[in-house]
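Look at the two complexes coming up: subunit A is in both, with subunit B in one and subunit C in the other.
And now, the complex of A and B:
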């Protein structure tokens, strides 16, 4: 079931530069001001949405508490560990699928069936088998996040320039030289894209397992804050989750540039 | 491809799934482990709960909410994305806020949805629209922005009106990118309907599965998970078929270019 449109080898979207840089900042300020006003004037009751200042004050207070950072780390560390597992499992699997037609055909049906299963569907099963533990979290994160990585890698392996491989053969490069000098470098951009998408999914799944499954971390704290009616706390934690997501995206885009400076897409972005 | 090769390719594709199911079937056949009931039991439960008329009580609400939420997110996303793609000024204004909302892991919207709507179908739909719209918005904006200059000039020299330019030039040009955004939106929609039903619903497939787990109904939990897998698979299949139909002209164009 190949998709009709072959997407160009990923990398983050070409850098978009704001036409009027200060406009974005102005909107952020305006939205916060409206939020504050709606809360202060009581148009939206504080039991639904407390004023912005309360939320951000609470966030400031939280940032001074070590326990808060411990909670954030619970979430981040499991997402990172899950990503590690994704790479450990994904690379050999992708190599096997990409290089051998037999493996590709044999695993096709299994993978096409497993891939669209929403990772959250496995939460009840995970809870049943492992309870609200780190094992459950890691298993679900890995299961949910491995697909974009695997798909990108297999795609990448199949798009390795055959002329380069033939050249390598006529120069009698060893198998290892071919892999390390030709296959891996042309795979890197695909790996970067796959990993970036996988990281976003890993974060989502981590938060959901905490939210529903009650594993320790940001998600559970959000539920606790909500059920005890501590709304500024709840919104502060939600903002934290958003900032984590932003940070993840930023970290991956920042890592792409020095790692892939030689890649035509990146070079073009910079020269333009 | 001749019949022999089709057959052998089919065999190669089938042996592993068949083997896996067979191993599962026999390994679990007289399993007394309460967590791993025999596959036969799971399938019986599946048939009893999901292949009879009673399934409609849970399946229909879930699928209705999923479809409504996805369609709202899809059309809303295309509209918003087109606006952002056409006007760099608007995009500069909303970019930081949009980036934040896009990076927010969507399930954390659940408590907010609960506060705003309570446990209602509107809440499930709100979560889908708000959480799943962003990939379509961003992809549409990029697709609209990437109109090749020669097409833009052509549209201008033919003096196409705004509507014609939009529907005959800009959007078709952006269609492949819009579709890859829509596919992510669809995947997120499925995730979000399941999650939001687990947390806040009194019916639906997500409710059934989590409820089974909490009441320790092991076979039902397995059957529900199986059903969610089937739903995920079938929705993706339908989406890909629709995409192939809508983008048929585009595939044709690429083949002509290659030839």
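And now, the complex of A and C:
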């Protein structure tokens, strides 16, 4: 068909950009102010939620302690290692499912069964098998985070443009040229979306396995702080986990721009 | 290639012998199977001589793209065969290039226009020669100096020029074009038609041009192949005896132009009314 319509498959990001960027920041400041006020006036007792200033003061102190960063690194490194495994397992799996009807038909039921299981529900099994170890954590992270990546990649393989494949074939590109110049770049936006979601899940599962499963990292420190009544520290650690999430998102945005400069959505962001 | 290995020689017309470069023999194509099987092409026969400009016209859905994909070796026909320079086409021939209808999807958005043109040349020409060819092709289509733009930084007309430049730089013996100007505006379309005529003269390429636009077909072609309605066969081949070089004003004012387009229009109308689909 006559298509002047540009299709932009693969890259799902919030379609809106705030018109007034500082408004979001202002809200954060307002929430912190209310939090502070509620604490200082005693509406919320400090034994439940200490004032914001106490929490951020504690966070500042923690930032000066190398052991704090070691704990943060425990969590971050497991999430990263999990993401690595997601890619390592996900890419061949997606290729097999996306390219072979046999593999697709023989695996879909198992995958559809496994997919909705929350990774948290697997913690007891993980503990039984491996105890509160790095192996348990990594396995659960990978299990939890692989699905969005897999779904995106399989989708991406299915959506590789027939016009591009025809072009490659009619100009007799080699198999390697077709894969490296056409298939992989086509998949990149799907991989980016899949990984962005997977990264968020990996971080959550990492903290949860530490929290419930007792593996080393931020999650376990949160439990320790809570049971010893060190509330400012507990909240400081929770804030840290939140900041990690924000940082992950920022890192993905930064990485997407140079890699996907050609993608309609990114083009639009830059021109506006 | 020697004269003896040529597959088909049409009758000697005066001094120069015409060499058949592309020959379709009873090409059939059906999609689906069982009860959903539909016969799209039902034995298409025609031949293209070296250096000729052939237009294939047929209404939308008559199987023009299907035919072109069979000729290009992108899809096996379900019956019959295509000979390209005497060899049966089983895969895309090395000396054939295709310009697809959908320019916006056939150029790679992650590469500049220059790199888009260069990619197919990598297996064919050395680096130095590639650069020369690319610049020449870009100049030929009026995109000199625009090689470093990305396709999405260009208008539709420029993108289609880039796709044509890619085909040209590849230096094919036969250039297949599938309704290449269906999606551009009227003025751009006129410019691109003349561009293709100029290029065909300069490169002396054989062109097989598919279109649903009768005026366009008559304006461009040495010969118009008229397809019948579904299931499709060749209903007529109409030689276009209009003088060259063609001119958008003079040629279209020529009474002969009006006669030819009326004749082809009637043929297509008849084909439509006798097609199985319309009778059903």
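To be clear about the criterion, the second predicted complex is superposed on the first by the 248 of 272 C-alpha atoms of A that agree within 3 Å, B and C clash if a C-alpha of one lies under 4 Å from a C-alpha of the other, contacts with A are read in each partner's own complex, and residues count from 1 in each chain.
Keep this in mind: a residue touches a chain if its C-beta (ideal position, glycine included) is under 8 Å from a C-beta of that chain, and two chains touch if they have at least 3 such contacts.
Only a predicted model underlies this, so the values are computations on that prediction, with no experimental measurement involved.
Once the two complexes are overlaid on the shared chain, A:224 sits clear of subunit B and of subunit C alike.
When the shared chain is aligned, subunit C comes close enough to touch A:174, but subunit B does not.
Judged by the touch definition given at the top, the superposed model places A:89 against neither subunit B nor subunit C. Applying the stated contact rule after C-alpha superposition, one finds that A:185 touches subunit C and leaves subunit B untouched.
Legend: residue contacts after superposition of the two complexes on their common chain; A:216 is shown touching neither subunit B nor subunit C.
In the superposition on chain A, the chain among subunit B and subunit C reaching more residues of subunit A is B.
Within subunit A, the residues touching subunit B in one complex and subunit C in the other are 1, 3-4, 7. Across the complex, subunit A meets subunit C through its residues 1-4, 6-7, 161, 163-164, 166-167, 169-174, 177, 181-182, 185, 262-264, 267. Residues 69, 72-74, 92, 94, 96-98, 100-102, 104-106, 108-111, 119-120, 122-123, 150, 152, 156, 170, 182-183 of subunit C are the ones touching subunit A in the complex.
Only residues 9, 12-17, 20, 35, 88-89, 91-97, 99-112, 114-116, 138, 142, 176, 179-180, 183, 187, 190-191, 194-195, 198-199, 209-210, 212-213, 216, 218, 221-222, 224-225, 228-229, 232-233, 235-237, 240, 243-244, 247, 250-251 of subunit B touch subunit A when the two sit together in their complex.
Considering their complex, residues 1, 3-5, 7, 13-14, 16, 18-21, 23-28, 31, 47-49, 102, 105-110, 112-114, 116-125, 127-129, 200, 203-204, 207-208, 211-212, 218-219, 222-223, 226, 231, 234, 237-238, 241-246, 248-249 of subunit A touch subunit B.
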